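Pasting the structures in now, so scroll down.
Paired with chain B in one complex and with chain C in the other, chain A is shared by the two complexes that follow.
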Partner chain A sequence: MNIRQYIPAGILVAVVVAFQLAVVLTGQDYLLTQLTMSAYYALVIIGLSVLMGYAGQISIGHAAFFAIGGYTAAVLTTGAFRLSPWLSLAVAVAITVVIAFLIGIPILKLKGHYLAMATLSFGVIVYRIVLGTGVFGEADGISDVPGFTLLPGLTVTGGAASRVENYYIAWFLVTLAIILLINLINSRVGRALRSIHGSEEAANAMGVNTAGYKLAIFVLSAVFAAVGGVFLTHYTGGIGPSEAGVMKSVRYVAIVAVGGMANIWGALVMGIVLNYLSLRGYFGTYDDIFFGAILIIIMLFYPDGILQRKTLDDLRSLARSLVARIRGRR
Partner chain B sequence: MSFFAVENLSRAFGGLQAVSDVSFAVREHSIHAVIGPNGAGKTTLFNLIAGSLAPDSGAIRLNGDPLQSLPPYKIARKGIARTFQNVKLFRHMSVLENVMLGRHVRSRAGFGAALLNLPHTWREERSIRQRSLEILDTLGIADLADADAVSLAFGKQRIVEFARALATEPTLLLLDEPAAGLNMHETDEIARLIADIRARGITVLIIEHDMSLIMDISDHIAVLSSGKKIAEGTPAEIQRNRDVIAVYLGED
Partner chain C sequence: MTFEHVLQYLLAGITIGSIYAIVAIGFNIIYNTTGIINFAQGEFLMVGAMTAVTFSRLVPLPLAIAIGIAVTVAVGVLIDFVFIRNLKKPTVLNMIIVTIGLSIIIREVALHVWDEKVRSLPYFTGDEISSINILGAYISPQALWVLGICATMVVLLNVFFKYSVMGRSMRACSANPVAARLCGINTKNMVTMSFVLSAAIGALAGCVMSPITQTQYDCGTSLAIKGFTVAILGGLGNSTGAIIGGLIVGILEEFSISVMPLAYKDAIAIAILLLIMFFRPSGLFGKQEVSALKEF
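Right, the complex of A and B next:
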């Protein structure tokens, strides 16, 4: 087995622990809340990164899968149902698999812009459904969702008392997801996914069932999104229609693009940083504008993402020319 | 029963009969060529055989099994590999990774096993890598293993494409104009490579425009013109055939 491929995951664990210790020691525990929420959003983003960056299939509808997970958990654990969160998690995953499968079969035959439009439309449909249906709470969404007790004494729920344990639950899930995706990427299956991106026609001619692989990775990334939705809904105690919104899907795509498409680490880092800043309110009312704008900038100047060599080179030459100009003035 | 056979194959595009009632058989371990002037229907015939087009009628058989209704990836699993006229290597992948993808049909790790990196998965992965390196070595391009495949010179890309096809361990190799875009030196190199491949027991079916390459290496040649087969025989027979001379040089 190639142990070296897991070194970055080990570093991730160390960073997660170090960060927790640092914020507790400096008395800024409240920061963990946004980091926990960012971690659940990161599940959507790293799954989407494999779909987009490795298999080369865009989806501007992944917020819909996040919402399908979150809303299923919210409906089933509140009101008339009051099912166990474990059961509702299983139902949420099952529903997501079925929907992703049924949507994926026809639309994954489309390519490029057409696939983008089809996934976008799917996102719009799901958004309008949750917004217009009584059982989903219409514009108010669903609140008072109970915590999710994973093990006795370990519950996914908000509130200051369980902040630290929830931070670790979320990051455990992200680490697990990352390890699974590293395995996938470094396997025969990962190579087949990349070959679809490289030349679908050649991949098919070399024996890769391209339609099957595209569908499988689409469903897998949808499940990652749905699981993120389930956990975040239990953590925050509710979900609203904005989670299904088109701008959320655009945000996920923008973050994957900033992270460098075929780079789950870039997607993870940018996912955490940008979601964290957004949740802390750094972008104020310009939140959506910010994510739309970075998508444009990335596509224009850094189509391979900003976490790459070219960015460093550009910064270095920028710094050099600034230094030269300052010297020149003297 | 012949090893590989095309039987009464036809395909039209609107009013144009691109391939019309074409039949021929390929003997095992031979190099069989299909030639013809531009517009003769060579590329359509190739696409029909490779599964990227469906025929209107007729059959394609490998050891008697019909192939004509199968998608390309299933044809590949039957032991038929191909190259492309314009060379289609995988972008964003190294030479070695391109060749490793050729091992796809000879390996089996599925989605679940890959996600969990089960012991048999990583062992299989190791053997895929070893086998692919061996193939690069045999073709004399081991030094290019880590190079980005699509940034190589065109002639080298063509060799990598051969390596990728050979990695599938095909019984039949389909070559779509392997000399297209190559200079004379590179064409000679490809001719040697094709002879080598046959020597390893792989049957080769070439569709080609370059007559010199075909006459040198083929055992058997079928000639297409306007979608129909107009002649078939050994290179010597084809060179003497009046119909063939007429379609190539124009007749009076």
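Right, the complex of A and C next:
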């Protein structure tokens, strides 16, 4: 086992704890709510990042899996069913695995723009179904979803009283997911995925079961999205059709791209920053414009994603030139 | 279902299908010179129609439409000059992300300029209640305008790509950009030209459909999704495929209303498209090589 690969995960835990302490000490713990929500969205994004960056398969339909998870949890824990959230989580994951598996077999045979169109279509179909079906609350969505009691005294629910514990629940999940993905990437599976990204034909010729690996990662990333959906639905107490919208899926893909494709840390950071800014509503009605502008600026100046050494070097030289200028003035 | 009903659905399907076909051809033109899907294509229709609506109160309708097209073309040229040309690493994915960002920005700017109100151009001839009887089915004269203008655009585009020097140069770019450059074709200008053409036909289609479907700041997204599906169904880069694909999608949509609730209209048409894709992974008329490319 290679300890070094876990150093970033350790840093992540330290940052998460430090942020919580800082926020509570300065009395701004309301900020934790949006960070909790961003963390659940980040689950979708890091899953998608492995699918896109490592396996090289684009999916403009991941909001659909998020919605499948969220809606399954919402339907099963409210109204006529009122099942235990644990049971509904299991059902949500099972449904997601089955759907992702069945849709993945034919879809992943497609490539490039054709794959993009097929996954986009899948997203549109799911969106139309939740928008047009009575069980899913049509345009209103489903509200009054109860909290999810993980352990006695530990409940996934909104409300100011349980803010801190929910922040840790969400980030525990993200850290767990990251560690799982790091292990995956640095294993035989990860190498196989990279070979598929490089050249599928060559990988096939070397005896890599390309179809099997692509499908497995597709299902895994779908499950990540669904779990994010389940937890966020319990946390906010409801879900609406906009969560399944095509623009949500496009947003996830764009965040993975600006995070730097094969870079789960970049995806995580961009996912948290962009979702956090828009959830806090820093830019008001200009939120979407800001998002679009960030996409373009990053693609123009940092086409390989923002989180890499070059960004640091740029910052360093910027700081140096500033320092030089200030010294020069004296 | 009586014969009149079938004909009615068929005509409605062909009308909306020809709009999808024009959007898909817009996608194809840019795809052929750059290899990317321009996600802002739907916004071209919206900007064209919205500008024309604004100016139609001040100047005669044909002039307003001309202004709408001119403004949209300017937007298209701006997109290419400012963003696409300046990309440091113009990979397919990077260019697509840029067009996604641009489509979001154009949509939001439109929201701030034109607010959320649904607008529409006046009917070109007659008004919303005038209709023409065709073998027992009733169709708005505007639908004939849509069909006529779309058909004219397709014919003109075909002539342009087949016989003009510039059209041929653009085709050369799509066949092999390096060879085209070696022959002295300025491929970058051809990319600009493709944005001009797609913006122009998009704006005109947006104007001509506006009286029937009406225009809102966010109507571009759903049009782009439909146009993209149609372009893929027909085989990317293939204009004949785009027309046939557009008609198939339009007709499927209209007939699905007669058997399923209206809310599922899109879902059914798209589900059928997906099934077709599974059996013909390169689209109806697409080349095998194109669909085997993994651009990102």
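Criterion: the second predicted complex is superposed on the first by the 288 of 330 C-alpha atoms of A that agree within 3 Å, B and C clash if a C-alpha of one lies under 4 Å from a C-alpha of the other, contacts with A are read in each partner's own complex, and residues count from 1 in each chain.
Keep this in mind: a contact is a pair of C-beta atoms (placed from the backbone, for glycine too) under 8 Å apart; a residue touches a chain by one contact, two chains touch by 3 or more.
Quantities reported herein were computed from a predicted structural model and do not represent experimental measurements.
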Next on the checklist: On the A-aligned overlay, A:E165 touches which partner chain: chain B = first, chain C = second, or both, or neither?
Outcome noted: neither
Next on the checklist: Touch test for A:D29: chain B only (first), chain C only (second), both, or neither?
Outcome noted: neither
Next on the checklist: Let me test your reading of the model: by the given contact rule, A:I296 touches which partner, first (chain B), second (chain C), both or neither?
Outcome noted: second
Checklist entry - Per the overlay, which chain contacts more chain A residues, chain B or chain C? => result C
Checklist entry - So, does A:A203 touch the first partner chain B, the second partner chain C, both, or neither? => result first
Next on the checklist: With both complexes superposed on chain A, which partner does A:R194 reach: first (chain B), second (chain C), both or neither?
Outcome noted: first
Checklist entry - Which chain B residues qualify as touching chain A in the complex? => result 50, 52, 71-73, 76-77, 81-82, 84, 88-93, 97, 100-105, 107, 109-111, 113-117, 119, 121-122, 124-125, 128, 164-165, 168
Checklist outcome for this item: chain A residues touching chain B in their complex are 1-2, 180-181, 183-184, 186-192, 194-195, 197-199, 201-210, 216, 220, 262
Item to check | chain A residues touching chain C - in the complex, by the definition given at the top | outcome: 56, 58, 106, 109-114, 116-118, 120-122, 124-125, 128-129, 131-133, 138, 200, 246-247, 250, 254, 257-258, 261, 285-286, 288-289, 291-296, 299-301, 303-304
Item to check | Touching residues (chain side chain C, partner chain A) in the complex | outcome: 31, 37, 39, 83, 86-89, 91-94, 97-98, 100-105, 107-109, 111-112, 221, 225, 228-229, 232, 236, 261, 263-267, 270-271, 273-274, 277-278, 281-283, 291-296
